[in-house]
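Shared between the two complexes below is subunit A, which pairs with subunit B and subunit C, respectively.
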Partner chain A sequence: MTTTVRNVVRVAPPPAGPSWRGRLRAPAVFVLVAVLALVVAPLLLEPFRLGLLAKYLCFGIVALGIGLAWGQGGMLTLGQGVFFGLGGYAMGMYLKLHDAGGDLPDFMVWSGVEKLPALWVPFENPVFAVAFAVIGPVVLAVLLGSLVFRQRVRGAYFAILTQALAAATVILLVGQQGLTGGTNGLTNFFDLFGQDLAADGTQRGLYIVVAAVLGVLYLVAWQLVRSRFGRLLIAIRDGEDRVRFLGYNPATVKTVTFAVSAGMAGLAGALFVPVVGIISPALLGVVPSLELVVAVAVGGRFSLAGAVLGAVVMGYAKTSFSEQFADGWLYLQGALFILVMTLAPKGIFGLAATARDFVVSRRPRTGRPLMSTGTADIGGPLIEAQEPRA
Partner chain B sequence: MRNSAWRIGAAIAVLATGLAACGGEPSTTTGGTAAASGGGDTIKVGLLHSLSGTMAISEVTVRDAELLAVEEINKAGGVLGKQLVPVAEDGASDWPTFAEKATKLIAQDKVATVFGGWTSASRKAMLPVFEKRKALLWYPVQYEGLESSPYIFYTGATTNQQIVPGLDYLKEKGKKKIFLVGSDYVFPRTANKIIKAYAAANGMQVLGEEYTPLGHTEYSTLVNKVVAAKPDAVFNTLNGDSNVAFFKQLKSAGVTAEQMPVMSVSVAEEEVKGIGVDNIAGHLVAWNYYQTTENPANAKFVEAFKAKYGADRVTSDPMEAGYNAVYLWAEAVKKAGTTEVEAVKKAAGGIALERPEGTVTIDGENQHMYKTARIGVIEPDGQIKEVWNSGKPIKPDPYLKTYSWAGGLT
Partner chain C sequence: MEAIVNQLPIGLSIAAVLLLIALGLTFTFGQMGVINMAHGEFIMAGAYTAYLLQGWAGRQAVLVALPVAFVVAGVMGLILERVAIRHFYGRPLDTLLLTWGVSLVLQQLARDLFGAPNVQVRAPEWLQGGVGILPYNRLFIFALAVGSVVAIWGYMNRTSQGRRMQAVMQNRQLAAVSGINTGRVDQRTFFIGSGLAGIAGVALTLIGPVGPALGTYYIVDAFLVVVAGGLGQLRGALIAAAALGLLNSYAEFWTNASLAKVIVFVVIIAFLQIRPQGLFVLKARALT
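Here is the complex of A and B:
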């Protein structure tokens, strides 16, 4: 109880802050990871592996959004795939039209469509497509959020609602074969802004773009969490009614956060399509949406870095397990999830933080940095009470 | 704190074990990268089917048949004096995964060819990978046609070797009014487009066309619609589990195979087991091969398959097509004298082999097979009895160019 309130009140940095070494540690780690991702990885990895890493990083962007909405804001969203898909289809539609060069896209021909549907026409413009990939999900999230959060729908009800949205979207996409490519989705792309998508150079460039976008979005999200807005968000997670009694409107804060996470998922979808070369309903249904939430849980949902780490680790685990044990890899992936959740309920990142605290507790120090890594016991029981167990 | 120390230790140990497991070299790739180019004494081939997810139940059987072919070829001395090493990957019933694993097999394992896929969606997802990387895919399942990729060999039937003969049979039997039932994806939709064009040109009447999502299992409404329309026959392009619910519902609505036969194009021996033979006996299917097809090559295939995988296993058309694919590729490699893709493609045209379904010849132009169409009726013992065949292998025509009624389709 007191911890929650103290968390809200302590907005200004404590006067006796951590030493300069402590303050520089986080930026130093960020720069180190950025150098590893942007310079070392492209040099060391062969093109195929680099492409896979780019894919994991795309999921990392979605996970960052989930970390923000769920880890910081307590909104368990099981339908991020919908926003990811909106972005992905926007990009896919542009690529398809660009490749068709004035003709109808191939799948429309074999689906018996004779004229380009009106819905597709604006996507001939790449600027519109990319803008829509972000704005579309944001608008949808604002609509959904302002309806749902104002009605104080939360916890399991919100989770079920988002999941139902994902399921419905898949049915809609599959049913409209002539418009969306049906189960096949959109695939067989050749060219991105004049670059041959099959070329190793293009793929390397795409990787750099994905990694850079992830880095920038991470900084944005990190700033957001550190700001007054972020404090308010965490306060809402830990005690929404109390924040309301203090005179804030939780619905607005939650809607904005949800919209930001949706925008991130949309952008990730738009980047995913040229990297992987396909977008299909299978990528945005209930299962992939859940997989991402699981990844965030494994990485550590209370920390943004943990969320991203989780997506990359789970993506990598999926690839290597399935390559090693083609017949039974799903069991291994499940076992990894269960083990991490039982041994480290706050995820890999939470585990690392606990380890640090363990060491720190041996040599007591003042002015522990105030970060919501979930290391401290802030509001633990409250979260348990509010949220469904995954 | 003691507790958390223990947890940290345990979790780190678990993660380390996990990572170590990932880090090890896959045992299947011991042939080294030189193998594919013909340098080593082995040739790697990729097998890419869904081993998990909804499609696993069907695709695993094809993978089993392909492994049998690889084993037999190896026992007989291999290809170009080299043993084949299969590298299996899991497509996980997920189309993007098929594309990823295809890339992995080509780029990393450097396999000489890939045998794989089942659903059209998985083939469409893999197609750009194979075309861009100029690698070979052998696709073993009947499909909706209207495709002819230079880097894919299609060993299953195209529409003029399965659906069109199925319609010819219904027409011959005087079934003039038909009802179309299908799963909601590209194969049933395209197949039904073709069926409607055929019906219009042949004085048949399509009374209705209904689609249900893949995996759908509630068929009372649909069956009521079918019964109310009173068709002479139903043309069924449902896939997977849906067939179980559909045939059960049809039976409980009192429909018999005598008054309203259902012609299915995605129900083979394996599926009959799942549907329950009581529910489906007497109905019709259209394929190119049945376990009962009489042929020395088939007797050998069925015997070898049962010996390897168990006496209760059945063989089916897609399994046979997968089994053939390995032999056809091996033959093309022998003829070309190398596993190099362009040479193999060039050598493949015209190759004819005696296979369990009869003579199979590769059409060098569209890379489909000449196949004999066979209509069968499901027997009470779960086997399929052939009631009609085309007499000789039919030339593949994926775009139905030789059929005047199909002019508006492509």
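Here is the complex of A and C:
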């Protein structure tokens, strides 16, 4: 009896490298956006709008980290708010102490605290505060990541754990009234490095700092994804066990990526506080963390630019819609989200790819490379099936 | 010592509610790979069912509401499964985000229908008082959970439908080629799981007010029960819910509410170092 080979694995020829125009396109777009953001926007926008844009760009930095961890690395993190909050509180504590000028911060006086808590003392130093805003989240992420990823806890389990972390953090912050300002958080800041925070010039300068930081971090993330490390990260997203069989340690790669995304969120938090003037538990709990993930999904999780764009657009949409109909926003957000997940799972930035997939899936299957592994199509859910990749 | 005893009924009733919520989650998660964030809103739907039935059944509303809430929440789950979730099978993380969108809409809907302030459901007079340190209302919740677990156990192990459900959970493809209509089984599982959330909602009216955000307080803890207990495991959910409920109430008592959640989180992370897949694991040779 002869054996017939059913599934012929034909590998598609390697794609030709992009033309020189194609290669120049991405940097050209980046420079164009950078000029728009750094030069045109500060000239055109009134200070109030510019402040709002700076706030959205802060969210964009967090979204960049989510895009890296989730879009490229497949780690759905629902607790980025925690890292954002760590950065924000570090900065807020410095600003509070600086404004108090040697006295106790106002809210501590109201809560009846008599002596500055030991936890607060190092934050009198601005260098420590800014460094902690990045290092604190990184350390927490390395700790959590190495414990969790080493045990191969992943996917939905990881998402649930990060969400539980966000929930626990909020309850912790609210409960420690005298230490953290409770529900109100830290607010009423006046002075940043000798500059009046309310002045238009300071806000404009802050905006430029935020935009520049986002630009630099974007380049860093982009380079990271293109590097060997990034290839490995994407390979882990698509088949963690296979990468392990090749002799790599996925836990290390994932932990490093998670830590980078946490550091980004921390820095974003530190920038957010002087821009917006408040940090409170309501800004970093389960819901704000999820909202940012939603924004990334809407923008397009598989592209870093899509992630940032999603955060900026959703931030803008939230402000303008809640100004007009406060309650309608939740319906709109929910409905938008259901629609995006159903019709365009790759988000706005992936619309073209989604449309292409749709057309291809309708076409009779001839001449396509067969990469079937022999799983039967039973018309029901296949837990093993991986999601489509960009 | 007295404190330990006093805290016991509180911990056990929280555990009972968590168990009712987590049972539905663990089955939908284990069988279909669906992380249903809207599950919390089925709890809320159950609680509001009891509230609405007060107008008709008065103080016996809680009793009447039990079967009604089961059906109301179950039908909501069924609709969600048919309309949205079934298109997302095999993509658990996407179901999480999709159902979160659904949960936002349902919460706002509740706010528009019943108003943002909390409402009260008056407990039946025969649930007031208690024996010794055991208040009747918490005993009732406990009995409810025990009854539900026995019923679910019986369903899974003593009926052909339940056996089909177990078959699909263990190996979907093998179940499908053996002639089981897996889509039908999925619908039933979703109905029962969501219905249990409805019952949990009715139980919650006995120990607190009802508000549009009721579900959000319990959903995270319920997911932790699923993670610690193992996917699709009745035994796992039972033990994990009891442990988490008791740990929560004792940690809250000895430290304070704000530290308790952190302690629970740390304990879960530590536990996952020993059993990364939860207490009980379905043995399978599949790799992801």
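In this text, the second predicted complex is superposed on the first by the 333 of 390 C-alpha atoms of A that agree within 3 Å, B and C clash if a C-alpha of one lies under 4 Å from a C-alpha of the other, contacts with A are read in each partner's own complex, and residues count from 1 in each chain.
FYI, contacts are C-beta pairs under 8 Å (C-beta built on N, C-alpha and C of every residue); 3 or more make two chains touch, one makes a residue touch a chain.
If you're wondering where the values come from, they're calculated on a predicted model, not measured in any experiment.
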item: Partner chain(s) touched by A:L330 [first = subunit B, second = subunit C, both, neither]; value: both
item: Contacts of A:S111 with subunit B and subunit C, given as first, second, both or neither; value: first
item: A:V286 touches, of subunit B and subunit C: first, second, both or neither?; value: second
item: Subunit B versus subunit C as contact partner of A:D241, first or second or both or neither; value: second
item: Touched partner set for A:I135, first subunit B, second subunit C, both or neither; value: neither
item: Touched partner set for A:L45, first subunit B, second subunit C, both or neither; value: neither
item: Touched partner set for A:T187, first subunit B, second subunit C, both or neither; value: first
item: Subunit B versus subunit C as contact partner of A:L224, first or second or both or neither; value: neither
item: Subunit B versus subunit C as contact partner of A:V174, first or second or both or neither; value: both
item: Shared subunit A surface residues [contacts with subunit B and with subunit C]; value: 171, 174-175, 327, 330, 336
item: Residues on subunit B engaged by subunit A in the complex (per definition of touch); value: 1, 4-5, 7-8, 10-12, 14-15, 18, 21-22, 24, 26, 51-52, 88-90, 92, 94-97, 99-101, 103-104, 107-108, 119-121, 124-125, 127-129, 132-133, 144, 146, 184-186, 189-190, 193, 211, 213-214, 410
item: Sites on subunit C touched by subunit A in the complex; value: 29, 32-33, 35, 84, 86-94, 96-98, 100-105, 107-108, 111-112, 172-173, 176-177, 182-183, 186, 216, 220-221, 223-224, 226-227, 256-259, 261-262, 264-265, 268-269, 272-273, 276, 286-288
item: Subunit A residues within the subunit C interface of the complex; value: 76, 144, 147-148, 151-153, 155-157, 159-161, 163-165, 167-169, 171-176, 239-241, 286, 290, 293-294, 297, 327, 330-331, 333-338, 341-342, 345, 375-376, 378-385, 387
item: Complex contacts: residues of subunit A adjacent to subunit B; value: 46-48, 51-52, 55, 107, 109-112, 171, 174-175, 177, 182-185, 187-189, 198, 276-278, 280, 282-283, 316-317, 319-324, 326-327, 329-330, 332, 336, 339-340, 343-344, 348, 351, 354-355, 358, 361
